[in-house]
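See the structures that follow.
Same chain, two partners: subunit A is paired with subunit B first, then with subunit C.
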Partner chain A sequence: MRLSVLILEDERPVREALARDLAGFADVVRVEVAEDVPDAWQVVEELDVDGDRLALVLADHRLPGTSGVEFLVQLLDDPRTARARKVLVTGQADQQDTIRAVNEAGLDHYIAKPWDVDELTEVVRDQLTEHVTEHRLDPLPHLRVLDAARVMPLLRERGDR
Partner chain B sequence: MPASTYRERVELARPNRLQTVGLLLGAVVFVVPLVVDIPDLAPVGQRMLAIFLLAIVLWVTEAIPLVATAVLVILLEVLMVSDQALVAVAGDTLAADAYFAALADPVIMLFLGGFLIADGANKFALDRNLAGVMLRPFAGRARRTVLGLMAITAVLSMFVSNTATTATMFAVVLPILAALPAGPARTGLALAIPVAANVGGIGTPVGSPPNAIALGALEAQGEGVSFLGWMLLAVPLMLVVLLASWWLLTRRYIAADTPMQLELSAEFDRSPAAIVFYVVAGGTVLLWLTEPLHGISSSTVGFVPVVALLATGVMGGEDLKTLQWPVLWLVAGGIALGAGIGATGMDAWLIGLFAWDRLPLSLLLVMLVVVGLGLSTVISNSATANLLVPLALTLAVGLPIDVTAVGVMIALSCALAMALPISTPPNAVAYATGEVDTRAMASTGLAIGGFGAVLVAFVLPWLWDVLGLL
Partner chain C sequence: MNPTERSPEQPRERAGGAHAAASHGPITDGELTPLVVFVVATEPLAGAVAAELRDGIGDLAELRVVADTDEAVRSLASTAARPHAAASTPEPAGGDLPSTAPGGGGPSPTDEGVPSLEGDAGEPPAVPLLVLGSDVGRVDAAIGALDAVPELTSAATLLITDRHVHDDLADAVDRDRLDGIIAVPWTAGTLGGHARSQLARWLSYHRAGDPRSAQLVDERSRPLQLPDSALLRDLELSPTEVSTNLLAGIERVLGPRPRLRLPPGVRLTHQEVGLDAVFVILSGSVALERSTRVGDLRLHHGSTGPVVGLLSLAQQRRAYFTARTTTDVELVHLTLEQLDRALRSEPEVVGAMAALSIRALADRLRRAEQLQVEKVELNRELDDERRRLAGALKELEQARLELVEQARFVTLGEMAAGIAHELNNPVSALRRAASYVGDDLERLLASHPDGEVAREAMITARDRPARTTARERAVRRELERALGDRQLAHRLLAAGVEDPVQARRLADRGEAALELAEAGSGLGGAVRNLDVASRRIAELVTSLRAYARPDGDPLEGVDVHAGLEDTLRLTAHRLGEIVVERNYGDLPTVRAHPGQLDQVWTNLLVNAAEALGGEGRIEIVTDAPDDEHVRVRIRDDGPGVEPEVLERVFEPRFTTKQGTVRYGLGLGLAIARRIVDHHGGGIAMVSSPGETVVTVTLPVAGPPDEEAA
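Let's turn to the complex of A and B:
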């Protein structure tokens, strides 16, 4: 089982830039991109078939036909995606959208465009770590992309063998 | 935040190839002794042999979880070789209670106390604070700092599980690790912690599960070892191997001029609950160390903190729930296995199987150490001890060697296996950090394990004899 990060962004250069900035995670974490919401659900389907786990969604807000916030709300209704951490990466969400994202989608973090690479990677590391500790996953396969000090308590409980 | 109502799906792991082989082979080795007539082995002994062979296959392949095999052993013993056997059998049988009793063996009580104290030390940050205080004299140069870290890790690991010690110490070391330039120094430091945790575990009876397994089996033979007695037998080896490992790791990976800064704050919790805990933990360790003076056995002493911490409310039901019950039950499975082998006449059959006394004694000991070291490199240390200790003690009874020496030697050889990431959980943690590759771990682990095994096989029996410990 690999952890997966899903990037939902309609503009190709932005999507590619995000994926490139997360290249450091790619040998441990499965980084997937989607250009619209149907595409994103397709990715969810593929992850499920492969036995991988959607851990984090980085969504743009303004998308053709729908909104990133709408997608984040939808995620809560599907057992495959309900536990994923949710981050908006946007420059265009107004106050109403943001309030809805926080109250109804359980938004975990907001990154304003243009993003800073170090900030982005720190947020991803932090959110993945939260996901692992919250659901008490085995941290060892993912340790290199996690905040290792924070997952050490999970390891304490294992005991010798 | 809108709470999701979905519960976590429980996924059944699909058996891998090795596990599938384990399940099939397990079924075969279980059935064969039941249908084939084995000369000189009574029917009840044949049943026990079936259980023992099944346990070997399941513990080696991990076709089912280690703890599941342990409880399976107990169940099968009750159903097949006890007075409540489904199909009655001729020959000596133990009461079913005797097999269930393994779950509450005195050595389990000893560990229960050890575990609760270890968890309390973490709860009140005593482990981290002690590390901070103990590290102070070592601050300054890189190699000295590593020596300090290894010494502290080993001392903690004598009382806390090797895995928990590794987790605590990695939390301390990670910032230094991140500050070091990528390269050998990081590898050396990331290896120093698991090595010291593995080696430290041999220092006391509560240091790691194989010690408990050996102690429990020895006690069942009327050859009990006191807490202090174990330390006298094991600590000299622990110190020598620890120093040798430090020398190896620093010469090999850590240049003398490596910049390494480590300042740990030590702010001891002074709340009433913490103070009660310090008193109870300190008192327990003191009672363990002074058994020759008061004569209260270490397992009884181990039950004292359980009562004291629960009665004072310093620790509660939640703390009991988070204890590592699977480890305790795994040890219990080994004790039950030993009891079954002894009660069914399988032990006499094993002795009669081969003219063991024709083999040079030293060769036999070397074989036991090598098998212990080799097997626990690839499978669980506890499972190795569970399988080897009953066999070795059975053989030792007929040989001109102290049974205690054999039991302790097996436990020590299991603890020295650290050549692979899968050898021990501390190794797995170090490997997962990405700072240590398999090659570095294997070469270091083989050197340290090999050196330690030579000491166990050739030097320790002589040393114990000279010091009059046995």
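Let's turn to the complex of A and C:
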């Protein structure tokens, strides 16, 4: 089982830039990209088939068809995705959308475009760590992309077993 | 009527006429209209009335005694009809002109049982007086029946009654058809006197100059029209005559009074100051003024009256007005004591004083009433004015809001222009840099010993067409299957290699070659993304500039499609997930203010987007209905606009959203219409549920020229 990060972004240059910025995670974490919501669900499907676990979604707000916020809300209704961390990466979400994302989708973080690479990787590391500790996953296979200090108790606990 | 030069035909002139026989005819002085007095009553009242009337009016008028109204009407109709039947030149019935019967007035002999008018010149009789007995039934009904005959409507009507109460004459009172009420029994002679006075008054109103008036004199040979009492007599005199009488009376008591001559501007009384004298004005004018909260008001001038101070005597002797001469004035000064003495010793003074007081009061009252009417009129005008003002204020407020909105757009436009200008240089540099980086990298890699691998990977990545993320994953899966190594497949894909054979060949060349290819591919993708991104920025800048182009003279050669595209780009964030479909026809370029047109498209698109609530379809159709016009139709499949709303949709500030001013339905459409109007074009909206179309038609020739410059 691999942890997986899904990038949902309709503009190719932006999508590619995000994926490349997360290249450093790619040997441990499965990074998938989707250009629209139906394809994002397709990715969810594929992850499920492969037995991988969706740990984090980075979604743009503005998408053709269903909006990014709408997708984040939808995630809550699917047992395969309900536990994924949710981050909005957007340039122009207005206040209404943001409020909705926070209140209804349980948004975990908000990254404003244009993003800073260090901030982005830090947020991803932080969210993955949260996901692992929250659901008490075995941190060992993912340790390289996690905040080691925070998963240490979890490691000890498991080691004690 | 005036007797003319024509010779009297029946000169049966009789003076006085105190004892006229029952059936003899009236005095007819040739051209004089015969007069008939009706008594409508039953015996014995009829006889008593007739006797009195004979004494009162003698033979000035024929007396006809009838038992009921029908008989009166019949009797009059038969005599009135006669002239028409007999005379060859018709005269208006009841006309009071002297008859100009043909041939010097050939008389038409009469013998039809109405003996009274025999031998007259054919003139219908006039009826100056009706005496109605209360025994004929309801008074209103009786008078109503009599009024059916035109000659009777101007008759003075006396009611002789033995009833204590009358509730049957409201209509007669209301129509002013009742001139006197005499109770039975009456003092002998009073009824005759009444009739006589009524006749005299009727003649003076209706037959001014009738010589018969001269016979209607009282026992002292004074004309009967004049009242008998000193007070009523004085009231009928002119104010100057009365004040002359008053002064004469006063001087009879006090001896000659000195005349005071005063220039204009002298105050005779002072407001709220005690007053122990009156002034009798003999000549000149005095104004009455009062100082009030709103300043000194002149309340009377024409209505001052000839005695100043008189009314103040009735008010604790404090002057209500300040009386001030407005011309040279001659007057007589009388102290209270002097006035008192004159009043005590001379009845003439009392009458004159009372008459003057009544008249002064009446004049001032009339003036006050006139002021009241003026006040009401002024109030009404004020109300109208207030309403107009309120309307103007509302319009002003709307205009102001519109201006604010426009100013906001102007500010936004200026800011956009500023930003566009500022972005121009960096974006140009960016675009060039992207291109240089690409060129230089190609050169650099060509010089590298193993550069070919990297160069190829770079070019492949740079020029690779876009494909869906799903497709990319499929390619990746295929590669994974072919290589059996997920990690390697990932890296090769990142290096831009998709073909399994090629992939294996590259993998066989070793780690260094793979890394080189990865780097090259990354560079290629980056160069491509740089190019795409910078081109988009450049397009945005161009749009901004077009949008913000300041208004001057209209430009030739404006491309409507380009404006629509610019607008779509700039409003993309407002349109959200709405699908925009373009059906562009062939359009000539037009002469227009491009920035203003972009404003129109912006407002219409945003309005459509708001109607759709963020989801749906907008279709933009353009065509040229004829050689001189272009047409843009913006259609949305939103819920539609209610018919009653549709009528007002282009009015400023109108909105369907709970009275709040909204960009879309608020001023947006109004501004759009103004701009289109200004361009000499037209804008219209048709709407039904599921389809709303706004059509804008613009003349190719552009805005009509401003007034000849």
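Note that the second predicted complex is superposed on the first by the 158 of 161 C-alpha atoms of A that agree within 3 Å, B and C clash if a C-alpha of one lies under 4 Å from a C-alpha of the other, contacts with A are read in each partner's own complex, and residues count from 1 in each chain.
Note that contacts are C-beta pairs under 8 Å (C-beta built on N, C-alpha and C of every residue); 3 or more make two chains touch, one makes a residue touch a chain.
No experiment lies behind these values; they were computed from the predicted model shown.
S.K.: Of the two partner chains, subunit B (first) and subunit C (second), which one does A:Ala26 touch, if any: first, second, both, or neither?
M.R.: second
S.K.: Quick check on the superposed pair: does A:Leu155 touch subunit B, subunit C, both, or neither? Answer first, second, both or neither.
M.R.: In the superposition, A:Leu155 touches subunit B alone.
S.K.: Is A:Val117 touching the first partner subunit B, the second partner subunit C, both, or neither of them?
M.R.: Touch status of A:Val117: no partner.
S.K.: Does the superposition put A:Leu76 against subunit B (first), subunit C (second), both, or neither?
M.R.: Only subunit B is touched by A:Leu76; subunit C is not.
S.K.: After superposition on the shared chain, which partner residues are touched by A:Pro13: those of subunit B (first), subunit C (second), both, or neither?
M.R.: In the superposed model, A:Pro13 contacts subunit C only, not subunit B.
S.K.: Write out the stretch or stretches of subunit B touching subunit A in their complex.
M.R.: My answer: residues 1-2, 4, 6, 8-9, 66, 122, 161-164, 166-168, 170-171, 174-175, 201, 208-209, 322, 324, 326-327, 330, 380-383, 424-425, 428-429, 432-434.
S.K.: Quick check: in the complex, which residue numbers of subunit A touch subunit C?
M.R.: Touching subunit C: residues 12-13, 15-17, 20, 23, 26-27, 32-35, 39, 42-43, 46, 62, 64-67, 92 of subunit A.
S.K.: Can you list the residues on subunit A that touch subunit B in the complex?
M.R.: Touching subunit B: residues 76, 79, 82-83, 102-106, 135, 139-141, 143-144, 148-149, 152-153, 155-161 of subunit A.
S.K.: For subunit C, which residues count as touching subunit A in their complex?
M.R.: Against subunit A, subunit C makes touches at 466, 468-470, 472-473, 487, 490, 494, 522, 525, 528-529, 532-533, 573, 576-577.
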